[in-house]
Every structure is written in C-alpha cells, then in structure tokens.
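Read from first to last, the chains carry the letters A, B, C and D; within each, the first residue is number 1.
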C-alpha cells in the first residue's frame, strides 16, 4: 500500500510538470486557459492526495480552495475578460518553441540536480514533491519570460503560484496558518491582476505587453 | 689682531674687484680690436667713461618713477656684494661664510629682477623687449647654474665657496661631471653677461639687444652704475670659474701677506687668460638669432643635469 | 508588568490596522490626513517605548536588538512622511490630479502599508514575515498606480510582475527553510520560529540551506532593489506619489534588507553551509557600479534619486556581505543615514515637481532663486547623499571603505570607483537644477519643510557626533549579525 | 583692484604714480615671493636646496635620482615665478597708464595699507633673522617628521647652518646690511664727487616720439619668449598669424591657442570612457518587462547551477 501511495503522488506531480510543459507549448489564448484549468485540477488532486497521505486535515481545505478558486473562478473570469477584450482569438507569436522546450527540459534537470541532494534527509515523497515544485516554478518563470501577451504572462505567473502551493503542501507539517495566508495573498494577487487588466483595457485597446512598453516613462 | 687683518683683507678684495672690473672690459675690447687688426681703445677707457658719466647731468623720462631712480643703486650694490663674496686672491675671507654659492647666484637673480623692472618702467616697447627676453634667458640660465652648483657641491661636499675652492685645490682628479659642469658654466656665463653669441654688447641695434634694451633710458650716473654692475658681473663669473675649476695659487685667509701676494698675481694671470679666451671666442662667433638662444641655454641646462646625474650614479665617475 | 509590555509590540501592528480601516471609511480627506498623522505618530511613540523597555516575547511577535533598529527607524520615517503627505495631498487635490476617493484609498493603503511593515519587522516566524512583506508589496503596487496615467499603470504593472516573482521565489525559499528545519525541529509551528531556527541552525542540512538562501536572496533581493532585479524601482519611484517613493526608498527597501539579514544570520550560524558574504558582495557591487553609471543618463529627477537608492542599497548590501563588526556597524549606520537623507531628498523633490509642474531635469533650473527653501534643501540633501564630510553618510561610507581595506583590500577599488562615479553624476545633475537662470514656476506650493529639516538635522548630528549609547547599541547589533 | 576698479592687468599700467604706497608694498611682496636674497622667500628655497644636497645619503635608488630632478624643477619654477612677478608688476604698476581707470586710481585707506606693511615687515624679519623663525618652527616639525634641525640660536652672528658650519651657512642680516651699506655709500660718494643734478625730458625711446601707451609691452607680449621656448613643451602652444595681403586694410591678427596636455590626455579620455559606459549600460533602463524577468531568471538559474556544483 505504501508504495502505491507514493506512486500516485509521484504520478500526480509528474502530470503537473507535464501540464506546465503544455502551457509552454500552447499559443492560442483560450487553449491556454483550458490547460491552466487542467493544471489547477491536477494540483488540487495532488494536494488532496498529500492530505490523505499525511492525513493532515488542513490540506483538504487547501485542496478545496485550490479547486474552487483556481480551477473554477479564475478560468471563468479570465475567459470572460478575454471575450470582453475581444482578444480570445489572438494567436500569440511564441518565439522559438523548440528552444523553449529545450530550456524547459534543462530546467527540470537542474531542479532535480539541485533539490535531490539537498533534501537527502527528508522522506522520499517530500523530496520528489519539492523537486517537481521547483521545476514548475522555473517553468512558470520561463513562460513569463517568453510570452509577450499580458494574459499569458499572468497565466505563467499563476502556474508558478501553483508550484508554490504544491511545494507548501509537500512540506508535510507546515502549519495551517501559513497555508491559508499563502492562498490568501495569492488570491489578492489575482484580484489585483484583474483590476489591472481592466485598467489596462481602459487605457489602450489591447493587452499586448509590447504596447504597454511603448508608452513607458523610462524612455527619458 | 687678525680680526682687523681679516677686515682689511675683505675690504681689499672688495675694492680690488671694483677696480679690476672696468679694466677687464677695456682689456677684452683691446684684445678684440687687436685680433681684428685694429688698435682699439686704451684699457682704462671704461674707467674714463664711468667717471665722465658720473659727472654728467642725468636726463630722466617724464614718467620715470622712484623705482627707476633707486634701481641702479640696488643693482650695483647687489652685484658688488656678490662679486666681493667670490674669493679672488684668498679663500675663507671674513664675510665669505655669510653667503654661499647659491646665495651669490640668487643675488645676481635679484639684480636681474630689478634691472628688468627698471627696463619696463618708462613704458617704451624697447624696455619691454629687453625685460621679456631677460626673463626668458633667466628662466633657463638659473636652473642650469643651480645644476652646476649641485654637481660641484656633491663633489666637494659643501656649498661654501671657499671650502669648495680648498677641496678642489686639495684633490684635483679629473671627473667627467666636473668637466661638464665647467662647460655648462661657460655657456651660462656667456648668456648671463650678454656676450656675443647671445647678445652683442657693442651695438645698440634695437632688434638684437637684450641687456642694452633695458638700460636704454638710463643716462648720467645711473648709466655709470649699471655699466659698473655689468662689468662686476663679468668679473664675478670669471673669478667664479677660476676659483672653482682652477683654484691653483689661492692663499688661505690666514696665510700672511706673502702668500696673498702670490694669490693676487695668480688671480690677475687667470683673469687675463680668461679674457683672452673670451675675446678669441667672441671674434670667432657671430650673434645667434634670439630664439636660437634657448637651444644654446637648453644645452647648458642639459649638460648641468647630466653632470648632476653622473655625480649621483657613481661617486667616482 | 510584562502583560502590557506584550501589548506594546502588538500595538505597533494594531494601531495602523485600525487606522487603515478608519481611513477607508473616512470621506473628508482633510480629517483623514489628520488621522493618518496621529496614527503614525502613535505608532512611533509605541516604538520609542519599545526602545526603553524590553518586552517579553510571545505569540506571533518578538523583539530583539536587530529589529528594534528597523522598527524605530521605519516608524519615525513613517510619521514624518505622513506629516509631509498631508501637505502634498492637499496640493494634489487642488491641482486636481487626485480625486477625494483616491485620497481615501491612498490613506487606507498608507496605514495598511505601515501595519504590514511593522508586522514584517516584528514577525517571529518566517512565514508571517513573508506574508507581511507580500501585503506591503501589494499596497505599494496599488499606490504606485494611483495616478492612473499610462506611465503610472505601466510602472505599477512592472512593479507587480517583478515584485510577485520576487515574492514567489522568497516563498519557495521559506518553504525550503521549513523543509530543512522540519527533520530537526519536528513538524508544525516551531519549525518556523526565528528563535528555534537560530538555536538549531547548525544541525540543518547545509545543501538545503544553500539552495534556500539562493531563493531568499533573489526573492527579497528584488524587494531590496539589488542589481539584476532592480528594474521595478526607478519606475515605481518616478510614477507613484512622492510620499510613496519616500516610504519606498526609506522603509520598504530596509524591511526587505532586514529579511535578508535574518536569513544571513541563519546561514552563518551553520558552519557547513556556504558563507552568504560573497553573494551579497557580488550583488552589492553590481548594483553600485550599474546604478552609478546609470545616473549619468537620467532625465527624470525622481528616477535619478531612485537609481541613487539602488546604489546606496548596493553599498549597504556590500557592507553587510563584508561581515565583521566594523563592516556591519557601517552597514547599519549607512542604512539609517540613507533612509533619513533619501526621504528628505524625496520630500524636497516632491514639492519641486509640484512647483515646476514637471519632473524632467532639463526643465528644472535655478531652484535656489525661484524656490530658495526647496532649492537649498535639495542641495543640502544631495550634499549629504553623495557623502561629503560633515554629514552622516560620509561617516558610514568611510567606515565601510576602511573596513573593506582591512579585510579585502582588492574589493575596495570597485567600491570607491562606484562611489566616485555616483558622486560626479549627482553633483553634475544637482548643480544643473539648483543654479543657473530659473525656469518658470507652475504653481505656488505650501511646502511643509519641518520633516525635511528634521531628517537633515539628524543626519548632520550623526555626522558630527554619534551619541555613545547609539554606538554601543549598533555595535552589539553588529556583533549579533556575525 | 579696488583702487583702480580694473581687474585685467592689460588695462592697468602706471599705477606706481597714482598709487605709490601700494606700489612699494606690492614690490616688496614680489621680491619676497620670487625668492630673492634679502627676504624670506630665499631662505626657504635655500634650505630646500641644502636638503637636496643631502640626498646622496638616501638609501633608495629612485629617490636618489628623483631628487636632483626635483631640484631643477624647483629652480625652474622659482625663476619662472620671478619672471611672472616681473611681468605682473611691470605691466600693472610701471609704464604709462593704459586706461582712464588706471590714471585716476587712488591708494586704498590706511588700514589696508597698514596690513600690507605689517605683512611685508614680517617677511623682511623672517628674511633677516631666519634662525629665530627656524627655532620656533622646528619643534613643530619634529613630531611631524621625526628629526629636527640643529638649533640655530647659538650660531654666531645670527646666521643659519642647517647641517654644519663647514658645510654651508647663510646670514640674511649681514647680506642685507652689506647691500644697504654699499648702496648708500655709492650714492653718497657719487652725489659728493659726481653730480647730483637731474632734469626731466621726454623719453628717448630710440627717437620715436609720443608713442601711444598701446605700444607698451602687455602681459601676453611679455610672456611671448617664454611661451615660445617652454610653452611648446608644457602646453603644446600653437600660434597662428593671420597677416592680411598687401593692400588689404584688415588688421593682422595673431592668435595663440594653448591646450593643456594633461586635460587632453588624462581627463578627456576618462570622461569619454564614463560616457560610453553610461550610454552602454543605459539600454538596461529601456528593456521590456520580459527582458527584466529574463535577467532575474538568468540570475536564478546561474546561482542554482553554482549551488548544484
């Protein structure tokens, strides 16, 4: 039984990394949101499984929050925003998909090389979790770097946050207080993004970051 | 008792220098004339000129200031003091430790300072020409002289003129640095006294003159004093060369009358030889363009610097 | 006795929170400005109380020598900035750049920022500190974007993205610290508390600590504005309202630096882990040299002083990275002096921008004639910030350079090179602005010069005579830092 | 300056007539500062030269060779200094007034004259009694330099001998008295035996009559020979003469262009280097958010690799 639980957790974490890769690959905006929803669902499943494995009730709460907010509310409001902005059909020019994929693989390898020796003392499951979490964080960062559209950048950021939640869940015994506040502040972060999106839309028609860049004050 | 004797010796040296200087100028003119197959004026002619000028009335320009009238006395006094400090027939006279070689050169410098100022006082362009050129020559000549002083005092170990003369008399060994210092001192002497290659003392041709331009406006007793001062300066330089580089025959200050007499004879002989060489050199050279003189003086400065470095590099070289 | 003392540290966090709520409700901006000033004044008084009496630590907050320095400094600057922002906001409302609803939002955000900062400084466990820094970042992001001009929005957006990435990295670092502490201290709450972490540090797995420090350094380093992660700072300073840039460069950078210092202490306690010094020195030098060169090309007055903040944070990080009692003392002194001087400069810059109606250096000329008070205060501020002798910054820079000479003479060369570069650039710009033929003024400004004079006189005092108990206080903090 | 209201010496001239007292005090100052014997400037220069003459006993080679070079530099600067003070005094105080302001200049009030006079007498005292000055200063120098000069007080006749009596000595008072005595005795003898009469007449000036004050030597013309000889080496002086073609009534123009070598070869390249670095780094401020993120990302990856190894 012990082995099976580890395998499932391992499988879920691997799936999460895979979805991060898919995020990297996807250039259609609406497709991006669907993959993000999948990403959130797998996250909540793995957190729930962690909860079951560590039989820590508070993780169920986090899994619930992750499921409701990240899997439902955020994608729904994102989709609504995109329709309102009329950008849902834009195909983003993603520079060099091949190269990004290669870098992604390098990043996963790097996170494994870095984390595994570092977590020699912890139990195997926690070690894998933290390694995959680091991989997801790095992939999220990579996505933010390669994408130019504001919405895809936010989704990159959200996947990065998912990695963090996975890491937090993986660190067994992390006090509940921190969990809640972690989730809480990420939510606020999202609301702020939303406000920005509206404002950005108010000021100029599309949300392309490049457009934003042209008017910046720092030119002088 | 010997205090009085020293005072008399020092007084004698001062009066001797004063007396001999114009004769020296006369002697040089006589020699140059002879070399050019001319009879030339008598040797005592410069004294006659000075006495004539002393009696004449002074004609002053309208805007001549008190500096113009007092400068000749100051110039004469400074040059006379410097000349009397250089040992002629005996070393170590009473006032000799009052000022050493550097002080003598500086006294000449201050005489030049006042002469240049006097030159500019009347406000004529010729006075300006003379002073500016004198300032330029001075700015090259004095460092060269300082270099010569360094070389000589490094070798002799002191800057006191009489000690240098005693040391040079004592151990005469041929040194490259001392030789170079001698040549440099010759160059500087020619430039300082305004002899031929640098400035022609005989003519009043405006464009060429340096020393004459400054004293253009002087007349009467002031001109006499300035002539006397320049004669004294020539005497000073020759007796300096004689005392430092050819100190043979110099008597000690307490060596008694008989040695002093020999010293005097040797000194007069050296003066004559020096004047002869100068006359020969002058007749054989033509006057240089004014802006060639810096290269001439520059050579003197380089020689002086080289001599100092050589003294430094090896004590023996 | 100890009960109410325990209350003191809580009060430091409670008062701003209550004030934030009150200000959010308060419609009239004039009264809310007064409330704002009183709230920050009260928090400052409580901080002073902390100074005198050692409260017993418990619960989520704890006080030790290190964070008292930060708390007193930030509450004092918070108080003076609130006094300044009262007059600044009046002018902004008159000129119509801010509506009264904005101002209500602004005051609420201001007090919540104060609350978050005090919480971050006093938090006893690393998770709470992270949350507090996160809330502080979010409030400042909102305030930077308050003007709603395209530039302000872009600056806020950039600040948000870079800030959040930084905070995410910091969170990951915190989780790693917890992972490292968990096997030794057992699960649950006490694996996050500073005291226990510090005591058990040697037993942690050194490799985990290294990785954690990398994340923490980059994460909180973004908030400190060190070299590769500094991009948000100049735009945030330039586009936000001036009291916020004063608070940003005066306080928020220090709070992030406090976090970095805490984790540095954790690292140095564990011998096997890599020494954090070289990393901090590298980042410090990089930001010093980079900012010094950037100063030459700046056209906007607030960006100019923002880069100068990056440069000075570089010097402070360098000093703390150098380690040893003298360098730490220099770092602490420099941080205090820099916060005081930089906020004073931003006070005068704010009024200057209002008076001249522009922030472009090219259009600001002859300040000392058209606005003598502002002009000369700017000159005094800049004289202080470039480190001329009579003032405090020279003292701390001098100590930093001499301690570097003592320990690593080769490092002193780039340090001094950076200082000279910045000196030249700032002097060049300020003489251009302060003297020469005055350019036309846009409007009359009722400048509240009190906070500015307070700060500069403190800096002058520190430069001329360092009170002995202050020195001993800083010294044992320096020893604490290791 | 406040006497005549003029600053540039080119427009002054002949102040010795309109401001005699200031002229005398200024002359004293010039003599002192150009290190001429009777006054204090010479004493300090002389002591420096004595110090240079002690240099062979120095152990380090470079200093040994450097010291004579410093000596020649000092001598050169002393004479050039004297030259520039001749120029300043000559152009400003001597000659004929070049402008109305110079003609109508007046001596300043008693107080400023008094201060100048006090300072000049102090210079004279330091020049004449150097041993007193040295004895007062050398204890201060002692803890600064370590060694101290032998006390000069007990030397006879108030002369100073920095190292040893035999080595070199200088007696300012005696030289001054000597000069005064010979000057006045000459004056007395000449006035007694020669003539004391003098008469005023227009200046001879080799026959030019009534030349305008403009023909006098100005500051730049006075410096022209030195500029030609030494200026070329020091400052890369370039003189351009623009002579009009014959018949063309345009005045000839002589323009001198002096460039300071140190500025060209030290400061200019330094500023250029800083400017290029500044503009090079400036692109850092113009990056997009993405590129900034790339920077942070790069730093993170680099550090992780570092830690991993």
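To be clear about the criterion, a residue touches a chain if its C-beta (ideal position, glycine included) is under 8 Å from a C-beta of that chain, and two chains touch if they have at least 3 such contacts.
None of these values were measured; they are calculated from a predicted model.
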Go through the assembly and pull out the chains touching chain C as well as chain D.
A
In the contact graph of chains, the distance from chain A to chain B in steps is 2
Just list the two chains that share the greatest number of C-beta contact pairs.
B-D
Report the chain whose mean Cα position is at the greatest distance from that of chain B.
A
Could you put a whole-Å number on the gap between the CA centroids of chain B and chain D?
26
Could you state the distance in Å from the CA-based centre of chain A to that of chain D?
76
Rounded Å distance, chain A centre to chain C centre (Cα mean)
31
Chain C residues touching 2+ other chains are 157-158, 161, 165, 169, 207, 210-211, 234, 303
On chain D, where are the residues touching two or more other chains?
285, 289, 293, 296, 300, 304, 307
Which chain A residues sit where two or more other chains touch them?
114, 141, 144, 153, 212-213, 218
Hey, how would you classify the chain contact layout here, line, ring, star, complete or other?
other
Can you work out from the touch definition every pair of chains that touches here?
A-C, A-D, B-D, C-D
Note which residues of chain D are touching chain A in the complex, please.
285-286, 288-290, 293-294, 296-297, 300-301, 304-305, 307-308
Mind listing the chain B positions that touch chain D in their complex?
54-67, 69, 73-74, 76-78, 80-81, 95, 97-100, 102-103, 106-107, 109-110, 113, 116-117, 120-129, 131-133, 135-136, 138-140, 142-143, 146-147, 149-150, 153-154, 157-160, 163, 204, 206, 216-217, 220-221, 224-225, 290-291, 294, 298, 301, 304-305, 308-309, 312, 315
For the complex, give me every residue of chain C touching chain A.
127-128, 131, 134-135, 138, 141-142, 145, 148, 150-151, 153-158, 160-161, 164-165, 168-169, 171-172, 175-176, 178-179, 182-183, 186-189, 191-192, 205, 207-208, 210-211, 234-235, 238-239, 298-300, 303, 360
Interface with chain D, chain A side, in the complex: residues 107, 110-111, 113-114, 138, 141-142, 144-148, 153, 209-210, 212-213, 218-219
For the complex, which residues does chain D have touching chain C?
274-275, 277-282, 284-285, 287, 289, 292-293, 295-296, 298-300, 303-304, 306-307
